[in-house]
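Each of the next two complexes has chain A plus one more chain, namely chain B in the first and chain C in the second.
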Partner chain A sequence: MTDLINDLPLPIDDETRRPVTKKLTAGEWVKENLFATKTSGVFTVLFALIFIQLFVFNITDALLQGEYKLGVVTNWLVNNEYEILRVNLRLWMVGRFPKEEVWRPVGAAWALCFTFSLTGGAMFESSRRQAIEAGTEPPESTPRDMLRRAWPMLALVGLVLILTQTIIPWVNAGVALGLLVAGRWIGQHLPEFVRSWAWWFPLVGLCSAIIMMQANSFLPLLATFVGLAVALVPKLLGPERPRLFRWAAMAGAMVASFLLASMLSGPLNDLVGDPGVGWDKWGGMMVNLLVAISGIVIAFPLGILLALGRRGSRTAPASNQTTIIGVICAVIGAIAFVVIFGTGTMVKPLGLIEFPFAAVGGAVIGGALGAALSLSRQSTTPLFWGLSVTFIEFIRGVPLITLLFFGDSMLLFFFPKGFDAPSQVTRAMIVVTAFSAAYIAEIVRGGLQAVDKGQIEAAQAVGLPFGKVQRLIVLPQALRAVIPAMVGQFISLWKDTSLLGFISLTEILKVSRAANSQPDFQGRGLQDLTFMFVALIFWVVSYTMSRESQRLEKKLRGAER
Partner chain B sequence: MTTETQEPQRREVARPPFYRDVRVIRVVGQILAVLAVVGIGFWLVRNLVSNMNRLGISTSFDFLFGPINTAIPFCDNCWVIPYQSRFDPRSPVWQMVLVGVKNTFLAAFFGIILASVMGLVVGISRLSENWLVARLATFYVEFFRNIPPLVIIIFFGAAVFTAGPFPIFSESWEINFPATDNNLLIINNDKWGIPGFTQIDDLLLFYIILGIGFVVGILAWRWRTRVFERTGQPHHRVLWFIGIIVGFAIVAFFALGQPFHMSWPVISENRRRIDGGFIVNWGFMSVTVALGLYTASHIGEIIRGSILAVPYGQSEAANAVLTSGELPIAMAMVLAEASFAAPPTVTDTNLVAPSPSRTICCARFNMTLSSAS
Partner chain C sequence: MSVEDTNGGESAHVFADATQAAGTGEALITIENMDKFFGDFQALKDINLTVGLQEVVVVIGPSGSGKSTLIRCVNRLEKHDAGTITVDGVELSDDIKNIQEVRRETGMVFQSFNLFPHLTILENITLAPREVRHVPKAEAEAHAMELLERVKIPEQVNKYPGQLSGGQQQRVAIARALAMRPKVMLFDEPTSALDPEMINEVLESMLELAREGMTMVVVTHEMGFAREVADRVVFMADGEIVEVGTPEHFFTNPQEERTKAFLSQIL
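Entry: the complex of A and B
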C-alpha cells in the first residue's frame, strides 16, 4: 500500500500522507489552465480575441477600416450620452413622488438601515458568544468580508450618486452608510438583556418607516400594538384558566383594538394633520420594492397556511382508482354540460362551434372534480385540502401577467358600490401577494413532506397540540430545508415586478420606456443605455439575494451537523 | 410453558371536552372555513354581478365572433387563414386569438430549442478545465439569470434590433441565393424575410398523406427494432423513419400536382414591405432569442448540477477511455447526466411556455393581449 502511494507521481506530504498541491508559478498556471490541450488552447485564443475586441481594442475596425478605437463595450461606455440617466434619475428612483416629500422615503430608509444592521450586529455577537461557549471556532466578520458581500450594492449606489446633480443624495447616502456601520457596532456592544430582544428592532424600524411614509397610519399601528399587548395579558394570567377563555380574551382584545383604531383614526388623524403620501403616488424603484417586499412578507404566512391545509393529503401517487373515478366524472361532466347548455333551457342552443367547447369544458371540470374527490379521501381534512388545492392550482395555472390584468380591470368590480376602491398599487399588491402565496405554499409543502412522519407522531404522543407540533417540530425543519427554493422564488418575484409596467404603474422598466419617448431623447437611440441601467438595478438586487442565500444555506448546513 | 397472553388493559380515558377534541375541532373548523369562503365568495360575486349590471357590461362570449375593429400592429405572418397574408380588421375575434395562440407556441418552440442547445453548451463550459471558458460561462449564467426576461426581451427588441446596428428599412441587407436572383435572407430594422412556401391548393390531402407516411414510418421503426433484436444487424431506424416520411412527402407533392411552391422574399416596389417568403418581425425574434438566452442560463445550471451529481470516478474513467480531448469527455458526461437532468430540464423548459405571455411588450400579438383588449 505504501509502495503504491510512493509510486504515484505526486509529491506526498510525509506527515499527513496526502498529496501536496504544488504552488504553481505564473507560467505553469497559464499552461495548466489555459493551454492544457490543443482544443483548450484554441478556445483560449478565440475567447481572448473576443475579449480584446469587446473590452480593449477594436480589432475588426482596425483591420477593415483602419480606424483605431477602444473595444466595443468600452467604447460604448465611454462615448455614451448619460444625460438621459442624469435628467430622469428621480423618475427612476421615486417616480412622480412629490419633490418636497422625498425626505419621507429617505428617513424610512435610514430607519430600516439602522434597525436591521443593529439586529445583524446583535445576532452576530450572539452567535460569536455561543461559539466561544461551545468551544468552536467563532465566526469572523472583517470589513473585507462585508465588502465582498456588498460590492454590487455599493457599486450601484456609487453609480447612482455619480449620476446625481446635487449634493443632497451624497449626504443622504453618507448618513445611511454611517447608520449601517454605527448600527452594526452598537449591535455588537449591546448589553445582554437588550440583545435578546434584537429580533424586535426591525419591526420597530418598519413601523417607524410606515409612519414616516404615511403619518395617518400612526394611530392604527399604535392601536394594533396596544391590542397585541392586551392580548398577551390572558397568556400571562397563567395556564390554569381554560384555554377557550384565554383564546376568547385574546380575540376580543384584538378585535377591540382594531375597532378602536378604525373609530379613532378619523378624528385623531385630523389632529395629526399630516396624511403623508399614499401608495398611489409611489413610483420608480420604490414601487418595485414595495410590491416585491409585500409579496414576500405578506405572502409568507399565507403560503404556510395554504401548505398546511394541503398537507393533510397522504401524498399517495395517483392510483388507478383515481384515474377511473376521474374518467367517469369527466364523462358525466361532458354529458351534463352538453345537456345543460345544449337543450337551450339556460342559454341559447349550442352552435356547431360551441358544442365541442362545452363537451371538452365539461369533461375537464368533471375530471378535475372527480380526481380531486378521490384524492381528498386520503386527507384527514378534505375540505381544507380542497380549498387550498383549488386556490394553489388556479393561481399557478395562470401567468402572472394575466392575473395582473385581471386585478387591474376586474378587481374593482368585486367591491360594493360606494366602497373606497383600492388604488392601483394596492390592487397590484393583492394580486402579487396571492400569486406568490400559491408558489410559496408549494415550496413549503415540499419542506413539510421532508420532515419525518415519526417526529410528528412522537410529538403527538407526548401530547402537543397541532399548533405546537407545527411551530416547534415541523416548521423549523421544513423551512430550513426549503431556503434555496424560497430565495429562488423571491428572486423571481423581484424580477416579475418588471411586469407591473403593463398595468401602468411607473416601475423602473416603464420609466426607461417613458424616458426614451421624451422630446429631448426621442429617436436618439438611447434605449441600450436605459435598458442596461434598468437591467443593472435588477441584477444587483437579485445577485445579492442569491449570494446571501448561498451564505445562509452554508451556515445552516453547518448548524445541522 | 403456559403462554397466557395478557390482554392489554383498556383504560377508560375520559373524553376531552369538545373544544379540545381533535375530531370535533377538525369537523367544526372545516365547516367554518368553508362557510366563510363560500360566504365571502357569494358576497364578491353578488357585488360583481350588480356592478356589471349597473355598468351594462355583458359577460357572454359573443365578442369572439364580432369583428376585431382594431389594426394589429406588426402582424405579418398571421397566416391562420389560407390565402391571406395580412390580417383583416373585419375578421372575427376568435381568429385573432388563434393568431395569439400560434405565436405563443412558435416562440415557445424555437425558444426551447435555442435554450436547450445554449444551456447544454453553457452547463458543460462551466466545468471546463479551461479557466477562461469556465469564467465566461459563469459570467453568462450570473448575468442572464439575475435579470428579468422582460428586460432582456425589450432590450433585444428596442435597443438591438430596431435602434441597433441593423439597416433602416429602405436599405435592407439582401443576401442572394448563389448564382440566382432569389433572396435567401433580407434583414432590416423591422423585419426578417427568409424563403418560405406558398400554398396554391388545399393542403388537406397532402397532410393526410403525410400522416399516413408518419404511421408507416413508425411501423418501419418497430420492424427495424425487431430485426436488430433478432439478428443484431444495425437497425438504422432513424434513417428509415425520416426517409419514409420524406419519400411520402415527395410522392405526395408530385402526385397532387405540386400543391405549394417555394416563395422567395422580395422587397416590394415601393420599398415599404417584404413580399413573399416567410416574414418574421423583430418582435418575434427578440422574444424567441431573449427567452432562449434567459432560459439557457437556468438549464445550464441544471446541467452543471447533474454533471456534478455523476460520481467523479465516472468522469475519470471517461477521461481514461477517451483521451482525445474535451469533446468526447463531454459526450460521455452528457450521456451520464442525461438521466439526472431530464426531469428538471423539462420543468424548466415548461417555464418557457408561459413566458411568451410577456411578448406583448413588443406589440407582438399573443393570447394574453387578445383577451385583454
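Entry: the complex of A and C
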C-alpha cells in the first residue's frame, strides 16, 4: 500500500502498476520522521529532554543542586513506601466487608467470569460460522488479540497480586483466569442448539452471583427468572396460536411462577438459613463497581424507555402494540424491585401465606405499569410523555452530589413505616441509576432523531407494528449512532462513583484518604502514592471501556460499510 | 362493470374507454371524495379513483401535484382528512387493526429505497414475513431467494444495503415489498433517485411484475414506462385528478389544457 507519511513520489511497480513501499533504513526513518524540518527537529530534541527528565535522569537536579538522581517519575516509583498500599489493600478492594465472607464476592466474580466468557465464546463461534456460511471473511480471535484487549486489566490485577501478602488472592485470580479461558473454549465448542441460547448464560451467572451474595434473594430471583423464561413460552407454542392466547399463556405462567415462589418461600428460607451479607457492608472497589454497573445495566433499558416516552408524544400511534413496551416495563420493574429489596421484608396478607415483598411489589408495580401502558391509547401517551420529560429535566437539572445527599437522607421518608428501609448502598444505587437513566435517555433521544424518517415509513409499510418498528428498525440504528456518546456517559458515570465517598460510603477514593489518616501513615506525605493508585484503577476501567467501544464501533461499521 | 373511473372535478375529463379498467374488473382500491390537508394547505382535493385487480395505474404530474401524497394515503403513511379509502374490502380508519391489515396487503417501494442499513439483504427481505406473518425462517428465506432470482441479484444475498448500487438496492426494495405477498404494489417515484444507467434494470423488474399480473400504482416520471405498461394513466395537478385515460389516448390526444401543457414540457 502507499506510504502516506512521505510526500515523496513513489516508485511504481511496472508489473502491477501499483505503488511500491520503499524499505527505509533506521537512519532514513529517523531523518524523515524526526528531523524532517527544523521545527520538527527542535520538538524532537525538546521531547527527548522531557522524556529523559521524567524517566531516565533528573537533569535539572543535576544542574541546579548537583545531585544525581533517576528521572522524576522513575525515582518516585522506585523510592516509595508501598507499605501503605500493602496494608490497606483489603480496604481498597472490599472495604469493610467481613473477612470470613469474602468468599462470596470471589465466588460471584467467578460465576460472572465463567458465564460471560461462555457467552462470548458462543457468540464468537456463531458469528464465525455465519461468516463462513455467507462466504465472507470470518472474524479472528487469537490469544494475542485477547491479550491486547485485556492488558490494562491484567496489569492492574497483577499489580494488586504483587501487593498482597498471602497466597489466596493468587489462587482466586488464577481460578478466575482459568474460568475465563475455559468458558471461552467451552463456549466455542457448544452444540449449536445450546449456542443459540447463549444470551441467557450471563443472566444465570448474575443470578448465581446474587444468590451467592445473599442466599435469601433466591426466591424473588427465582420468581423473576421463571417469569422471564416463561416469556418464551409463546415462542415455543408456535406462531399459529392467536395472539391473545399467547399473551394469556405468558401472563398466566408469570403469575403462576410468582405464586410458586411465594408459597415455597417459607420452607425454602428456613432451609437456606443463610442471611448473607447486606449491601450496607459493601465497600472499596466493589462498591464503585456495583454502583457503576447498576447505573449502566439497569439505567440503560430505563433510559431507552424514557427516550421513547419523551419522543412518543406525537409521533407514535398509541395502540395495542404498546403492550410490548408495557411488558418490558413490567419485567424491568420486577427485576429492579428484586434487586432493590432482594433481602426482602416478608409480608403475610390476611395471615395466609408469607410472601417475599419483592416478588409481590415487583409483580404489582410492573404489572400495573405494563397494564397502564398496554391499555394506553392516545390519552395516556401524553401522560407517559409528561412523566418522561419531568423525570429527565428534574434529574438533569440537579448536580449528582445533591441527588446523592437527597438519596442518603430524604429517600427514607418515602418508604412506609415499619418497612425494612433499603441500605445506604442501595439508596446510592437508586440515585445513580436514576441519574444515569436521565442522561442515557437524552443520548438515546439524539440517536432516535438521527434515524431517517424513511426507515420508519418503510418498516410501517411492510406491516410491522409500532413496537417492532422501534425494536427492530429504529433502536438498533439509533443506538449504533450513539455508541461514542453512550460510552462517554458510562465512563463519566464510573468516575462519578468517587462522589460516593461524600455520603460516607467507603469507595476507593475515600479509602485512600482514610489510609493517610491512619496512625502509621499520617503525615508521611503518601497522598500522592495512594491517589495515583486510585487513579490507576479508575483509568484502567475507563480505558478498557473506551477501547471496547471503539472495537464495537469498528465491528458494526464493518458490517454496514 | 364494477370498475369505474370517477373523478369528481367537473373539469376533469374521462375517456370513454378509460372507464373500462384492465385487469379482472374487480375493484381492489377504491378512493372516494378524499381530501388531504397539511395544515391549511389542501394537498389533495376530492380524489376519486378506483384501481382494479391486476391493473397497472401510472400517476403522473408536475412536482407538488400530490401524486406521492395520494399513494401514501393508500397505505396510511399519510392520514386522509375526508372521504373514504378502501383497500381489498378494508376501509382505512383510525383503527390500527385496519391500518395493519391494509399495510400487510400493500407493498411499497420508495424513491430513496429505505432499505434497513443494519440488516443484510436476506434479513431485509425476510424480516416482515417472519415478524408479521410468522413465516418459519427456512420458508421465508427460500421465498426471499426466489424473489432475489426474480429481480436478478441472488448473489447479493449476504451483503448489506450499503454495499449495493442504487439500482440493486431498489430491486432489493421491490423484493422486500413482494416478500409479504401483497395484493397491490405502490411505487413512489422508484427511479427518481437513480443514476441514469440503473433506471432500466429497475424498470425491467417492474415490467416483469406487471406482466405477472400484479396490481400496481406507480408514481413516476418515466413516460416510456407509462406508455408501455400502464393500463391507465392518471394526470394530477394542484392536488386534483385532472385527466384519466389509456396511455394511447393520453399521450396522443390529451383533452385538458393542463395536461397538454405538462406533456409539451416533458416530451
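Just so it is clear, the second predicted complex is superposed on the first by the 429 of 561 C-alpha atoms of A that agree within 3 Å, B and C clash if a C-alpha of one lies under 4 Å from a C-alpha of the other, contacts with A are read in each partner's own complex, and residues count from 1 in each chain.
To be clear about the criterion, a residue touches a chain if its C-beta (ideal position, glycine included) is under 8 Å from a C-beta of that chain, and two chains touch if they have at least 3 such contacts.
No experiment lies behind these values; they were computed from the predicted model shown.
Asker: More residues of chain A are touched by which partner: chain B or chain C?
Answerer: B
Asker: Taking the superposition as given, does A:476 touch the first partner, chain B, the second, chain C, both, or neither?
Answerer: second
Asker: Scan A:185 for contacts with chain B and chain C and give back first, second, both or neither.
Answerer: neither
Asker: Considering only touches as defined above, state whether A:197 meets chain B (first), chain C (second), both or neither.
Answerer: It touches nothing on chain B or chain C.
Asker: In the superposed arrangement, which partner chain does A:399 touch: chain B (first), chain C (second), both, or neither?
Answerer: first
Asker: Once the structures are superposed on A, label A:546 by its partner contacts, choosing first (chain B), second (chain C), both or neither.
Answerer: Only chain B is touched by A:546; chain C is not.
Asker: In the superposed view, which residues of chain A touch chain B and also chain C?
Answerer: After superposing on chain A, chain A residues 466 contact both chain B and chain C.
Asker: Please output the residues of chain A touching chain B within their complex, sorted ascending.
Answerer: For this pair, the touching residues of chain A are 33-34, 36-40, 43-44, 47-48, 243-244, 380-384, 387, 399, 401-402, 405, 409-410, 412-417, 466, 491, 495-499, 502, 509, 513, 516, 525, 527-528, 531-532, 534-535, 538-539, 542-543, 546.
Asker: Which residues of chain C touch chain A in the complex?
Answerer: 75, 77, 96, 100, 103-104, 106-108, 110, 112, 114-118, 120, 127-128, 131-132, 134, 136, 158, 160, 162-163, 173, 176-177, 179-180
Asker: Residues of chain B touching chain A in their complex?
Answerer: 19-20, 22, 26, 29-31, 33-34, 37, 44, 47-48, 50-52, 54, 128-133, 136, 142-143, 145-152, 154-155, 158-160, 163-164, 325-327, 354, 357-358, 360-361, 368, 371-372
Asker: For the complex, give me every residue of chain A touching chain C.
Answerer: Residues 134-136, 239-240, 317, 319-321, 452, 454-455, 457-466, 468, 472-473, 476-477, 480, 556, 559-561.
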